[in-house]
Amino acid sequence: MGVDLSIEVFGIQFKNPIVLASGPAGFGFELQPYLDFSKVGAITLKTITVKAREGNPPPRLVDAYGGIINSIGLQNPGIKGFITEIVPELNKLNTIKIGSIAGFSLEEWQLLVEEMDKIKEIPLIELNLSCPNIKGKRRWAEDVKLTQKVVKTARELTNKPIIVKLAPDVTDIIEIAKAAAEAGADGLTIGNGIQAMRINVETGLPVLKLKTGGLGGPAIKPITLARVFKTSEVLDIPIIGIGGIMDWQDALEYAMAGASLLGIGTAVMVDPQSPTTILSGIEAFLKRKKIKRFRDIIGIAHRGGFSVS
Amino acid sequence: MGVDLSIEVFGIQFKNPIVLASGPAGFGFELQPYLDFSKVGAITLKTITVKAREGNPPPRLVDAYGGIINSIGLQNPGIKGFITEIVPELNKLNTIKIGSIAGFSLEEWQLLVEEMDKIKEIPLIELNLSCPNIKGKRRWAEDVKLTQKVVKTARELTNKPIIVKLAPDVTDIIEIAKAAAEAGADGLTIGNGIQAMRINVETGLPVLKLKTGGLGGPAIKPITLARVFKTSEVLDIPIIGIGGIMDWQDALEYAMAGASLLGIGTAVMVDPQSPTTILSGIEAFLKRKKIKRFRDIIGIAHRGGFSVS
Amino acid sequence: MIEAELKKKRISGDYGFFIFKLQEKIENPDAGQFVMLKAPDEPILAKPFSIYSYKNRELVLFIKRVGRLTGRIFSSPIGEIFYVRGPHGNPYISSIDLTKRYILVGGGSGISPLNFFSELHPELTYTKLYGFKEAHIRKLFNENEQKHLVIEEESGHTVVDALNELISEEVGIIACGPIPMLKNLPKNAYVSLEAVMGCGVGTCKSCALKTIEGVKLVCKDGPLFRKEEITWEWI
Amino acid sequence: MIEAELKKKRISGDYGFFIFKLQEKIENPDAGQFVMLKAPDEPILAKPFSIYSYKNRELVLFIKRVGRLTGRIFSSPIGEIFYVRGPHGNPYISSIDLTKRYILVGGGSGISPLNFFSELHPELTYTKLYGFKEAHIRKLFNENEQKHLVIEEESGHTVVDALNELISEEVGIIACGPIPMLKNLPKNAYVSLEAVMGCGVGTCKSCALKTIEGVKLVCKDGPLFRKEEITWEWI
């Protein structure tokens, strides 16, 4: 029996639910020797800003128990460099590309959305409202009004589906999620790295040059999973679940909690082949359980689990 | 060379900074065969509510990568049972006892503080505003105004030092911390379990009967550590740092980030001897570094680390 | 905790015997008591395992592979260092009527404390019934033990069927195994319960059990309970 | 990733040789390239180690114990399964002037890629200088290698002192070791850099290095750089 792993969200058909999360996979090219992109549902490209950024000074990365704290600081070639250097190469990757952008003002958001709207290789736009690594800046996704403003601005400028990337470490993610949905978002990505730090006890100083960074990896999985579960309980909007997915069980937990697409960040960094390994695991699970379509298990934890369905 | 591990906070002299966090250690008695209480700075007793509570139905506990998610649900004998059954035994524990309470209304908080105020065995009171495991209830520590109300109410009823236990998983812990301080708190405990969940992929259902619970253990250490660091950067108030302290390095990270006392939850549950193991580690570190007093390293990460001091 | 070096393992399918050499001794354990065993890293939680046998710092556990820690134990190379503490929980003999002899009814990994009981208290042991589903399990047991094995795929009988043929007024029952098996036992049985544990010593309240006398703790008040006192719906 | 079974270890103090047998081969590695090695559980991050030697799926690493992963490798029992991928990074020969011969200057674990270089490219190797602080390290090396060791506690000299006596116009320098050592080298040296790495392949931007040509990546553009091109203040 074949298993149908495909899923349609945002009016777009994904061959399977596996998405490379923005960042750890860069623009994807360097992963091609290791990863068969024709088996990847989509890649969310590294976040692009208006100006080119060289990122934060090192160290930018430190591991913690069950996770990795990064403060890369959105190193990227800027929207112009992106358009001239990266976009022409994107057709080398045989998968759907989600464009990720981050503005530091409403004007910047405007400019970025306008540019992304024009790029035909990019059918969906993710608004990264939750990067934890910009010095001195609050995250847009910490605030209902700011979230709404950015999403509204974007909505007016493009007909492409808009996905809003939220921070898991806010008091009430439902409030922010609702604001994004009402302002016109087509989908949500929950979540991003959680603000975290380590101190080197030998020097008495923070390990990261920026002091704090975003924690990803298995450590945060149960936290972000709960945010996905709570949000999908009250809001009917497609969710990309991202946070600590390392194996097929983790991926399934997110799907069962209500995520339609499953984003993989840290795991790709650790092992570039993990997306396909995870996908095979999902497929084997569905076969064993005699479930014909992946999409049937989405949100099943809200519907009494397997005993009922 | 002897090392001075003692520390005075809230006008009280602690023989060392190690505090057993509220909950995992219960009322402490059962740990006596394993743990020498004379080597423990203090124990925060299991949280007491007005009415006796049998707690949530099982399963109440599940492990996750690098952590443990619990939804015990404040099982406790209620304030009356506490006074008649537990308090008379407390002098068996040769350490300072911090009383922990949780009300479900302002009236309950009043009653609990009044009762705790009378118990001479208990020189300090912790207000648990952040239990993540009460079905259908928002946590007091999610809201500036609620936090302020509870702390003010308590402040009017007792002269004993008041410590306020905050949730690490709020958007802006500084805002809540300031509110507690302004309302009269003598100290803060940062933090509590972080709301989290796991789904059993075989059944498609949440593992915990209550669905979500509080995540503790090494997974949350870098998260809570960042909250302690940020808070102590702007607020001059003693902090009990709690979250994922498993070994002496973890403990020192919290001290260097600004915590005066170091709370141990999950680690006590895993290994009842961990508090003394951790203390020996701290002592050995201070000796090696030729630092005479533990208190000299508190917050050193804000002061340029060891290179400067 | 005490260092416990994995010295030997004998595995068949998802069951296996594991012998650990402890660096220090644990205090005279009795049957029904358990150790909390911790992996060197993941999972970080120590988990309870009944003592199958213990002598001269040599600890024998009989383990079913079900998840992360047990999976780790099964796949560990010989020489791996684990950590244990205990014994925790109450000896069966502190809870039972000592004037009787007992049929020991085990299902799967539940046989572990029953073996220790029969080793330490032969005078209280009437007979043993060890229930398993699959026949491959036979190769883990020596000649003397074979007759105690009740294998469902051989006989079509469960261990409770076998028990029902032996029951009499004079002999008691001590049972340890999966919940459905325990529920099928006669009312007067003593049942040895499992519960998700955090501390194993009574402080954390993870292992709560509802009884007619209110909420009890499996680790501190058990693991042995009278079948009738348990509120089974809560489990 | 490829399963790598720990087959042998030889340790002295905080240094050791570790031999892993890989389940599949890695693509013809050259000197300067590294593998990303991951522990079975903690830490979850794979970390970079230069190849000391590689033949027939047998990977030799020379490792200094500094933290969690290296600590884990030192304490693992033989038979433990690790995971590797690679080779990553550029071979030194793709960055250097191939008309010269080179003095290979290593400090501590930095000798690892230099050994592989001298194995694969004897014609490009002028001589080797392996710098260590303590004399106990001698017992890890065989007779032939002893003369290359520059031991500070024996001679009072550092490996850079030793180098300075050999320098000439015709021979180049390839160096790998701690930052202070690299900073003390002549301007024209090639230096093999370490950086905290996430992916090892150029996607994650963890290993950023500031150069006169802008920010580069140690994993994708290195690990070998011309000493003069590096903005040392950023490191």
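Points to keep in mind about this one:
By written order: A, B, C and D. Residues from 1 in each chain.
Here, contacts are C-beta pairs under 8 Å (C-beta built on N, C-alpha and C of every residue); 3 or more make two chains touch, one makes a residue touch a chain.
Chain labels with UniProt names: A, B, C, D = Dihydroorotate dehydrogenase.
Fair warning: this is a prediction, and the values are worked out from it, not measured in the lab.
Separation of subunit B (Dihydroorotate dehydrogenase) from subunit D (Dihydroorotate dehydrogenase) in touch steps, taking the shortest path, is 2. Greatest centre-to-centre distance from subunit D (Dihydroorotate dehydrogenase) is found for C, with centres as Cα means.
Centre-to-centre separation of subunit A (Dihydroorotate dehydrogenase) and subunit D (Dihydroorotate dehydrogenase), using mean CA positions: 35 Å. Between the Cα centres of subunit A (Dihydroorotate dehydrogenase) and subunit C (Dihydroorotate dehydrogenase) there is a gap of 45 Å. One inter-chain figure worth recording: subunit A (Dihydroorotate dehydrogenase) and subunit B (Dihydroorotate dehydrogenase) are separated by 33 Å, centre to centre, where each centre is the mean of the chain's CA atoms. Looking at subunit C (Dihydroorotate dehydrogenase), one finds that residues 42 touch two or more other chains. Annotation for subunit B (Dihydroorotate dehydrogenase): residues touching 2 or more other chains are 65-67, 218, 246.
If each chain is drawn as a node and touching chains are joined, the picture is one closed loop, every chain linked to exactly two others.
Touching subunit A (Dihydroorotate dehydrogenase) in their complex are the following residues of subunit B (Dihydroorotate dehydrogenase): 64-67, 69, 142, 169-172, 194-199, 201-206, 211-212, 215, 218-223, 225-226, 229-230, 244, 246, 249, 252-253, 256-257, 285, 297, 300-301, 304-307, 309. Considering their complex, residues 23-28, 30-31, 34, 54-55, 57-63, 65-68, 70, 72, 75, 217-218, 246, 266, 268-273 of subunit A (Dihydroorotate dehydrogenase) touch subunit D (Dihydroorotate dehydrogenase). The touching residues of subunit D (Dihydroorotate dehydrogenase), when paired with subunit A (Dihydroorotate dehydrogenase) in their complex, are 1, 38, 42-46, 68, 83, 85, 195-199, 201-210, 214-215, 220, 234-235. By the touch rule above, subunit C (Dihydroorotate dehydrogenase) contacts subunit D (Dihydroorotate dehydrogenase) in their complex via residues 41-42, 77-80.
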